[in-house]
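Only one structure is covered here, and it is reproduced in the block below.
First chain written, first letter: the chains are A, B, C and D, and each begins at residue 1.
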Amino acid sequence: MEDVVVLWDEKVTLRDPVLVEGLPGVGNVGKLAADYLKDALKAKHLATLYSKYFPPQVYVNEEGVIRLVSNDLYYVKGGRAPARDLLILVGDYQGLSPEGQYELTDRVLRAAKEFGVRELYTLAGFAQGKLVEAPRVLGAATSQGRVEAMKPLGVVFSRTDPGGGLLGASGLFLGLGRLYGMEGVCLMGETSGYFVDPRSAEAVLRVLSQVLQRPIDLSALESKAKEIDRIAAKFREMEGKPSPEAPAQAREDLGYIG
Amino acid sequence: MEDVVVLWDEKVTLRDPVLVEGLPGVGNVGKLAADYLKDALKAKHLATLYSKYFPPQVYVNEEGVIRLVSNDLYYVKGGRAPARDLLILVGDYQGLSPEGQYELTDRVLRAAKEFGVRELYTLAGFAQGKLVEAPRVLGAATSQGRVEAMKPLGVVFSRTDPGGGLLGASGLFLGLGRLYGMEGVCLMGETSGYFVDPRSAEAVLRVLSQVLQRPIDLSALESKAKEIDRIAAKFREMEGKPSPEAPAQAREDLGYIG
Amino acid sequence: MEDVVVLWDEKVTLRDPVLVEGLPGVGNVGKLAADYLKDALKAKHLATLYSKYFPPQVYVNEEGVIRLVSNDLYYVKGGRAPARDLLILVGDYQGLSPEGQYELTDRVLRAAKEFGVRELYTLAGFAQGKLVEAPRVLGAATSQGRVEAMKPLGVVFSRTDPGGGLLGASGLFLGLGRLYGMEGVCLMGETSGYFVDPRSAEAVLRVLSQVLQRPIDLSALESKAKEIDRIAAKFREMEGKPSPEAPAQAREDLGYIG
Amino acid sequence: MEDVVVLWDEKVTLRDPVLVEGLPGVGNVGKLAADYLKDALKAKHLATLYSKYFPPQVYVNEEGVIRLVSNDLYYVKGGRAPARDLLILVGDYQGLSPEGQYELTDRVLRAAKEFGVRELYTLAGFAQGKLVEAPRVLGAATSQGRVEAMKPLGVVFSRTDPGGGLLGASGLFLGLGRLYGMEGVCLMGETSGYFVDPRSAEAVLRVLSQVLQRPIDLSALESKAKEIDRIAAKFREMEGKPSPEAPAQAREDLGYIG
């Protein structure tokens, strides 16, 4: 079988589209943000990518119907000028192996190139190893020009973070994207790294909304973040108590990443 | 060498055949069930699949003759209408790596497609982590229609199980099967996950017998299950005792999966 | 680069040759035996196999000259009838991954087929987990006929050993060899599994000498075995003593496999 | 995507060039030396190699601009006779897997062959497991002639070191280089193996400077080495003290390899 199988729903033409990527990772920030973005902008499904670089796994929904793990491309057309068309990549997994990461990223970029993508934004979390009250959005970009363009939007370019560079799809999309002549920025929401973090995703989307010049209603994400806040508070409160089950339950509610 | 080498015994034409898959996994339920099915229906050997995605291993029989590990296709023709022809996949191993799982599954599905397969049933165990007296058969299917068709046969579609989806061949055959236009159901016998479990395999075959509209004599499996019951009882009985060897022996008799 | 690079020294024609394989493994019995065989029969070097399935490693000899790890084919022509020509495979490593094992074995068998090989003997150790005073030679073969042919030579075909089958090159050569129409036997010398074991290699070669109908002078191996016996005795003697260095030194002399 | 993507900056013709390789490894000696050499000789960038055998990682510089991990070829033309042209390979990583090591090395050697390379020097560290005051330079070569040529330059060819051979790019370049008809030497600076070691890199470059018959100003490396000496002294001094942070800080300054 092909390393990456791409099934297209339809043939579509996009005008100077921007690619947005958000896959599972630290705090699931990138995935939360990209999934929310596609829903909020009522993006249409364009293609499904299956691959032997994903685990051999199917998900089963509540009705008992299976779905093979995948990455998926959505698109958004039109919108009020100067908003541009969008391609959004979401998915269940990043590639399992280094080779898989490269092959999958390259495959998506090749498709994006055919749609005329010249610019891309990758969404991710940045683990601080401690609870973060008001997450900042850190940035990394393909050029000095992109760095300067992001600073007025409140994106922080730190001399020290991320020190060891970026591992995974969000960095690789920028790195390989340059070989396709694309410019881009990785937007990293600060997060503890212990929980799924909608508040960090919200911070990332606030920046992205300005970048894309598209208003995004963030209220649903906001209430999800508040719910997590409540559970986290309960969790901290319970930590001193003797019951071992309660924190475990709260941990589950938090989508605890072990 | 080819990734998957398929050696065919003969050329055969099948009428609208159903594919049944049962490979080693949780409690070896799927393998037990599929092996029993092929014997009970006197299925004929059709093809052997060797692959570099299996371990580099040969088995040695009691006479000292070796056999390279493989997957094997059997077929059943005819039978009283409305019973349809069958293709049955059994084997020593699933693919060792994710890539191997995808390549092997795809190779079998490609062959199945050439035989005209449009429908498939995959057999597996579902680990409950505790002893199960009367195993239920849980289901997962490629469509809502298939889910509804299974419910009258007693197959349970739980909102919570399997929560994380299915890992391995039984799920992958359904997931990739859809790309070949096939519909199907995974039948999962509940099992502890600690032992090889013929009682769970029996439960799965009771359902499958109805699905395939072929009577299957389950008496041999039933007596095997009773034997395991006896050993399990002895095992429970011995657990409180000081002798450390006895449970180890019983554990071996149970085909304990460590 | 090619998965397996084969560099031939010369073009040679062999008459109905027998393939003998002995690569590193349990107690290094197979490697010791095959290396000794090629030296004792003054086999000529025929080909070197390099591969990305070996580790990225070079050995450095005492003069400081490097050599890339490899497998190597040697041949023996002529000899007093009824002795047949021989191809002998020795080497530094087996393939590191399952895929590598299959690819390398297949590559050698393909070459062997071109030389007209119809029969092969693979040499290995069988770990007993305890010291073995007089190692037996266990067997596994590609057919019942081969089993019967080996019994009069003292080869033991046990109903229980090896229970889980054979893992690695010695089994795989037989298993894949059948796909090339070759018949063969794996000769396994019993060994503790803790040390490099020349005595076990000697036992294997005594059988092989009869099989190949070629006398082999085993005196050098015999004296190596006696030396190991002396060190092992010293090792057992020292085990009760307080000095921690001494057993470590002895262990090294034994070519201890950790 | 291709296994190894090579992007050339320019087309250049070299006269009988010598290849020098220095990638990350023990004490980072080879990388330090090769990076320093290319800077000291004002080598020009010739090509970038990206590969799926590297990790899916980008580095972020202090301004926030990313760079995909790579290996890079530089060249040096001219110089006072008898100095020859140079090709220098530096990089962020060696290949992650054995296969990757072989594929990457082979790809570079193929390119080198096209430039007419017949001779190569690989730079590495040799871990002694203890602090080394005055590091010697150990050697390993592709032929006895090369060994003899190196001895007058103070290169040590030890009967025992490196006992188990060389693992990684520096050995593999020699081993595979022979298949391309190249002769070469691996120069290994002794080092503790615990720190990044500029003093060992300096020792290697002193030899290489003679080999290449090119003077290299080593003052910058010398002062770096002295700085490390100071930190190491501080580190040893602090080891007896109670403050847990201080040694950690010093360890970081040393580029501690954990």
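Everything below uses one rule, namely that a residue touches a chain if its C-beta (ideal position, glycine included) is under 8 Å from a C-beta of that chain, and two chains touch if they have at least 3 such contacts.
Because the structure is a prediction, the values reported are computed rather than measured.
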Farthest-lying chain, centroid of Cα atoms versus that of chain D: B
Rotation angle (°) superposing Cα atoms of chain A on chain D, nearest 5: 90
Centre-to-centre distance between chain B and chain A (centres being mean Cα positions), rounded to whole Å: 38
Approximate Å spacing (C-alpha centroids) for the pair chain B, chain D: 53
Shared-contact residues (touching 2 or more other chains) in chain D: none
Complex contacts: residues of chain D adjacent to chain C: 95, 98-99, 101-103, 105-106, 139-144, 147, 157-159, 162, 165-169, 171-172, 174-176, 178-179, 186
Complex interface listing, chain B residues touching chain C: 1, 5, 7, 50-60, 62-69, 96
